[in-house]
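Below, subunit A partners subunit B and then partners subunit C, in two separate complexes.
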Partner chain A sequence: MKRHFRELSVTGALLLLLLSLAIFAPNFFEPQPLLSRLTAAAPKLVVACGIALVILCRQIDISVGSLFAVCSVSAGLLAAAKLPLPVAVIASVTLGAVGGALNGALVAGVGLPSIVVTLATMVTWREGLRLTQQGVFVNLPDGVQWFGLPMAAGQGIVCGLALAVLLALAYALRFLSVGRFVYAVGSDAEAARLAGIRPRLVTFGVFVLLGALTGLAAVMNLVQSPQVDPGTGRMLELEAIAAVVVGGVAVSGGRGNVWGVLAGFLLLACITPALTYLDVKPYWDKAIQGAVILLAIVADGVRRRKLNR
Partner chain B sequence: MFRFLALTLGLGLVMLTGCNKSGPDSAAAPAGGAPAGKRLTVALMPKSKGNAYFVSCKQGAEQAAKDLGVELIFDGPVNPDPAKQNEIIENWITLGVDVIAAACENKDGISTALKKARDKGIKVVTYDSDANPDARDFFVNQATPEDIGNALMDEAARLCGNEGEFAIITASLTAQNMIEWQKFIEARRVAKYPGMKMVALRPCDDLKDKAQSEATTLLSAYPNLKLLMNICSPAVPGAAEAVKQAGKAGKVKVIGLGLPNENRRYVKDGATDTVILWKTVDLGYLTVQSAVALAKGELKAGATSFHSGKLGDFKIAGDNILLGEPFKFTKDNIDQFDF
Partner chain C sequence: MSPLLKLTSVTKSFGAVRALKGVSFDLRAGEVHALLGENGAGKSTLIKVIAGAHQPDGGTLEIGGQRVTQLTPQAAHRLGIACIYQQPALFPDLKVSENIGLRLEPISLLRRINWAARRERAAQLLQRLGADISPDAEAGSLSMPEQQLVEIACALGAGARIVIMDEPTASLTQTEQHRLFAVVRDLRADGVGVIYISHRLDEIFALADRVTVLRDGESVGTRDVVARPSSVVRRVPNERSARPHPGPLPQGEEVSQPATGLTKHATFADPLTTILPLPAGEGRGQGERVLEPAGLSDSSPPPITESELIRLMVGREVSSIYPAAESEPGEVVLSLRELGCTASGVKKITLDLRAGEIVGLAGLVGAGRTELARVLFGLTPADSGEIQLNGHPVSIRSPQEAVTQGIAYVPEDRRRHGVILEMPIAHNLTMAIHPRLFPGTWLRFGAERTHALEAMHDLAVKAAGPDALGGSLSGGNQQKVALARWLATRPRVLILDEPTQGVDVGAKSEIHKIIRRLAQEGMAVLLISSDLPEVLGMSDRIAVMRGGEIVAMMPGGSDAHAVMAAALGQDRGES
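What follows is the complex of A and B.
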């Protein structure tokens, strides 16, 4: 109970929000818009889970939003060139993994600070995309939206994929040795090295995995409409990092789990629509989100000081 | 030491990518009937060259340059960046172009540079977004905020039969031009359509996906909603997709400011009723036509109309050359436009 206090308190806050919505704005739970919102949020959750791994490793990646856009547009252009959808999916995941590997190599291989490396790749991907795509939407052919299936089936696949990623990561982090390595490296890289773990390899690995998940998320997002907006993914890195931090993953690495990330993500994702349903002026939206993040960080800071005493 | 080095290196990289200097896309016009000797050079600046809107302006500009047999230089920042705009203007002054036509990201920022160009004898017009009046000879005005606000509100009222609830999706709550449009939309509503009620205003951060989510939520939070008015371009297809997925196509109307290519499929299948904009290609054409006329001394201060090649006559109000009423793209005409 005490060990998971952080995750449980976020879940509590989420339930409280949902409860008040059930009382004051029952429309929030209308099935069609609810499912649409969940489906739209699913790709972001996948990215947030990937970011959680990187933060557990005591690193950061702010290039995911740009990489997400590059993968989306690339997959979109391949689909628009009438290539089969699986090809576009594989290309997107591969491209994502390559982008992640580039970050990983510079951080783990060359030993550069991840915030600077990913700042550079963030700008490079985004500007490169702007230069080549000139802001023009990619129109997708028929049969790409919802994988060519009826809408409900497509939404099922997208949400199912997100759930699968969540379960796989939860299992791996808890029960597989590679998962424990991530915690070990994030807690104390030197101690991990002395224990026979190769911290740089683990760090490289999580960046590659994050990249691949970003590529997957790009496809999960792409199938939800018949067009790709090349501006897509803007601010995605911030949304994902916020979800991870609110979900109780320590920015100093080594602590947290994906269930907390899920709770933090859902809490933040519910705030924006909740305000619309409650007829609150949109000016409050970002302020409230910011306050939630601040609260989470302060809670972590207080907890750390207590532990150190 | 190493950390410091890495930091400088990394930052250097960012600076480099941020300010990459790509050569101007020079669109050389064929010699045609141009007189021998030095051809007139028109330098056209967009707010950012990676923007579909300005790319379509460029199409019209190239056509005008071809018709008139002048040289056209098209260059601008990769992102909307006032400092970068000034830098390019300085380069053009050094290069000695004959006339500059600029869409200004920052009124005050660019005016100093433009004034300097005028001092060197270079003629200046602005288009799309104006500079300070003393920094240019004419402003090619595509539509006043009042025209836009009126056109949007009139169209909304027409589609709703003059009464009912509607919501607005905007890019951000702070974008100056959109706040201006909202003001005129509201003024028109109060003056002419008291039966119409604006129930919500939501920002979509200029992203289609976010607009889609916002529209999905609006449709369920306001079940009596009759129309979604989208005043930033990515929001129009986003809202249309949301209306379709909610099974409310045709029942909830969608209108907005946008580009034909981004909305074609929704306009054709009836999810979107009207896309409002001006003809961007014509804006580019008129801009280059008036820039050249100005440089040749055919267009002078005090003129009340201007004849622009194949497009005919345009009114001039003060020092504003008016492109005219906003244009409505509908099912019937959208296939005539490709931008």
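What follows is the complex of A and C.
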């Protein structure tokens, strides 16, 4: 109970928000618009879970937004070339993993700071895409949107994929050795090394996984519209990092879990519609989100200082 | 005339650790006063008290005859105290003149900088030291001794009357040392009081006028190195200052032989005040060295010899509290042949470690003991020589290989690297044995908990339970957890690095019993410790390291004096 206080308090805040919506704006819970909102948000949740792993390892990745766009456009072009959808999906995930591996190799292999490495790859992917694509949208053929299924089924698949990723990561972090090692490396890489763990391998691994998840998220996003905007994914990294931080993953590494990320993600995602439904002026949206993030960081800072008394 | 600096019964504690238990010390104008003591004797704490970085808990501090309380680093600086640390603290990207300017010019955010004056002043100071350093050079481009000279220039420029030098020669070559000594002698001739910290006895005999020995946070004696008449000043109020200087001081080479060459200066000795009374703490048998003022007869106390100095440093008896070995050691488990690692300065280590044997690694901080441990654990792999395990040559290039070969390393500084503070004890305990404890794909929390409870019971870890975080434990219990983690790997060779540092007395003795029990069960233990009685008491054999090499092998229970002499390099002869 005490150990998960951080996650529980975010969940509590989320429930409080949902409760006030249930009382003051019950039509927030109408199934169809709710499902649409969840589906639209699902790819971001997948990316946020990946970033959570990287932050647990005491690293950061701000290139996911650009990588997301590269994967989206590539998958879109493949689909537009009439290749079967699974091929496009595999290509997108692989491309994402390669992008993640590049970051991972530079961070874990060469030993460069992840913030600069991913800043460089962020700009490179984005500008490279602008150069090749010239801002032209990719029109997708029929049968791509919602995987060629009825919309409700497509939405179900997208949300189901996000849930599957969430469950898989939650399981791995808790029940696999490698999950334990992620926490150890994030807490203290040198101590982990002295305990016989390979911190650089673990770090490389989480970057690759984040890349692959970004590629998957790109597909989950792609199937929701008839065309691909090459400018997609802007600010995605910031939204994902915000959800991770609010969800109780310590930026200093080694603490947190994906359930907290889910709660933090939903909390931030609900603020915008909640303000609309609760008739608050929408200008307050970003300010409130900012305040929530700040509160989360302060809470973590206080906690960390207590531990290092 | 009062001494420049006088400390009386100064005490200082950090939490439960009493770093200074009553130190009395004084520094006169125009003398070099050496400060000597084992690792952890309290030297660093003492100089930090003098420099205003720590506030003493008790005792008095007088500077220039004035009682000072609440000394801050700024106030110490104003009072003319300058500290020169082993690693010069210059800003590497700034020029020498800028570095000096930053130290000496008043801090004011909006003051216009007079670059010409700043440069001029720096040049003058450096010239006064006879240093051939351009004020326009970037500090980072200077060699270590040059950087030290810049630090000394800062001290000069600030008009320091008290200069503290903390192992200034640790990284200098012989020639550079002599140049530094000349500067120190010039400072002394200008009436500056120099507190000189060094482990090298030859330096102390070459340079110092007096020496104070610290042991376990107490000053156990202040003695003349070269008897000189400086104390006359205190006795006869109207006599002129401490000069005449007893001629040019002998060069380092001349006096590096023990004792004999030194007494020739004894004619200058004043009968009085050459020995300060010992602090009124526990009488530990040094009584015979407390010489009473002998009136005006010529029975002046002789200057101290190297051998006496070492005896003062080690002082204590090895008590019988250490658990004794009950069986003979068995086969050789680990055998090192001319093992070396250029990167970490480990040279030509040849050592055999037998099953059931505890070999102590003694030596001063920086002697290469931890470095050797890191080579054996594959953290900085060896680049020459051979490691054999049970008679077979092995290559250890990574910690994983070391673990596979049955080598375990419990690192020093456990608060940082021994346990992971944010993780529960159970997770910490199973960290190194995942493949064995969890043979399937996933973790089994039941098995983990059982293992943790057993391990905690086995080593008597006091904790709320296996789920308590590593950071919630006391130092001794953290050490037990770090130890238990490695015992779980069932190692053949266990390397312990400072296993009882910062651990309270009770836990310390428990850890000693555990170590002996492990050896008894057939483990080969390599014990690194700066706690000399611990090394002497626990070890079956003692390897003394200095400068990355093993310089002596001694049987367990050896004389502390002999071990310390080897660690200090007393038997090295002329340097």
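Convention: the second predicted complex is superposed on the first by the 309 of 309 C-alpha atoms of A that agree within 3 Å, B and C clash if a C-alpha of one lies under 4 Å from a C-alpha of the other, contacts with A are read in each partner's own complex, and residues count from 1 in each chain.
Please note the rule applied: a contact is a pair of C-beta atoms (placed from the backbone, for glycine too) under 8 Å apart; a residue touches a chain by one contact, two chains touch by 3 or more.
Because the structure is a prediction, the values reported are computed rather than measured.
Aligning the shared subunit A places subunit B and subunit C next to each other free of steric conflict.
In the overlay built on the shared chain, the residue A:G160 is in contact with neither subunit B nor subunit C.
For subunit A, the partner with contacts to more residues, out of subunit B and subunit C, is B. Applying the stated contact rule after C-alpha superposition, one finds that A:F175 touches subunit C and leaves subunit B untouched. Of the two partner chains placed by the overlay, only subunit B lies in contact with A:V116; subunit C stays clear of it.
Shared-chain residue A:Y277: touches subunit B; no touch with subunit C.
The superposition places the C-alpha centres of subunit B and subunit C at an angle of 120 degrees about the C-alpha centre of subunit A, rounded in steps of 10. In the superposition on chain A, A:N221 contacts subunit B only, with no contact to subunit C. Of the two partner chains placed by the overlay, only subunit C lies in contact with A:I197; subunit B stays clear of it. Of the two partner chains placed by superposition, only subunit B is touched by A:A40; subunit C is not. Across the superposed structures, the minimum distance from subunit B to subunit C, using CA atoms, reads 10 Å.
Those residues of subunit C whose C-beta lies close enough to touch subunit A in the complex are 377, 379, 398-400, 402-403, 409, 411, 416-423, 427, 431-432, 434-435, 438, 441-443, 467, 469, 471, 485.
Those residues of subunit A that touch subunit C in the complex are listed here as 3, 174-177, 180, 183-184, 187-188, 190-198, 254-255, 307-308.
Here subunit B touches subunit A in the complex through residues 2-3, 6-7, 9-11, 13-14, 17-18, 20, 22, 49-53, 55, 78-79, 173, 200-203, 205-209, 212-214, 216-221, 223, 234, 237-238, 241-242, 245-247, 261-262, 265, going by the rule given at the top.
Subunit A makes touch with subunit B in their complex at residues 25, 27-28, 30, 32-33, 36-37, 40, 111-113, 116-117, 119-120, 123-124, 127, 130-131, 133-137, 139, 151, 221, 224-227, 229, 231-232, 234-235, 272-273, 276-277, 279, 282-283, 285.
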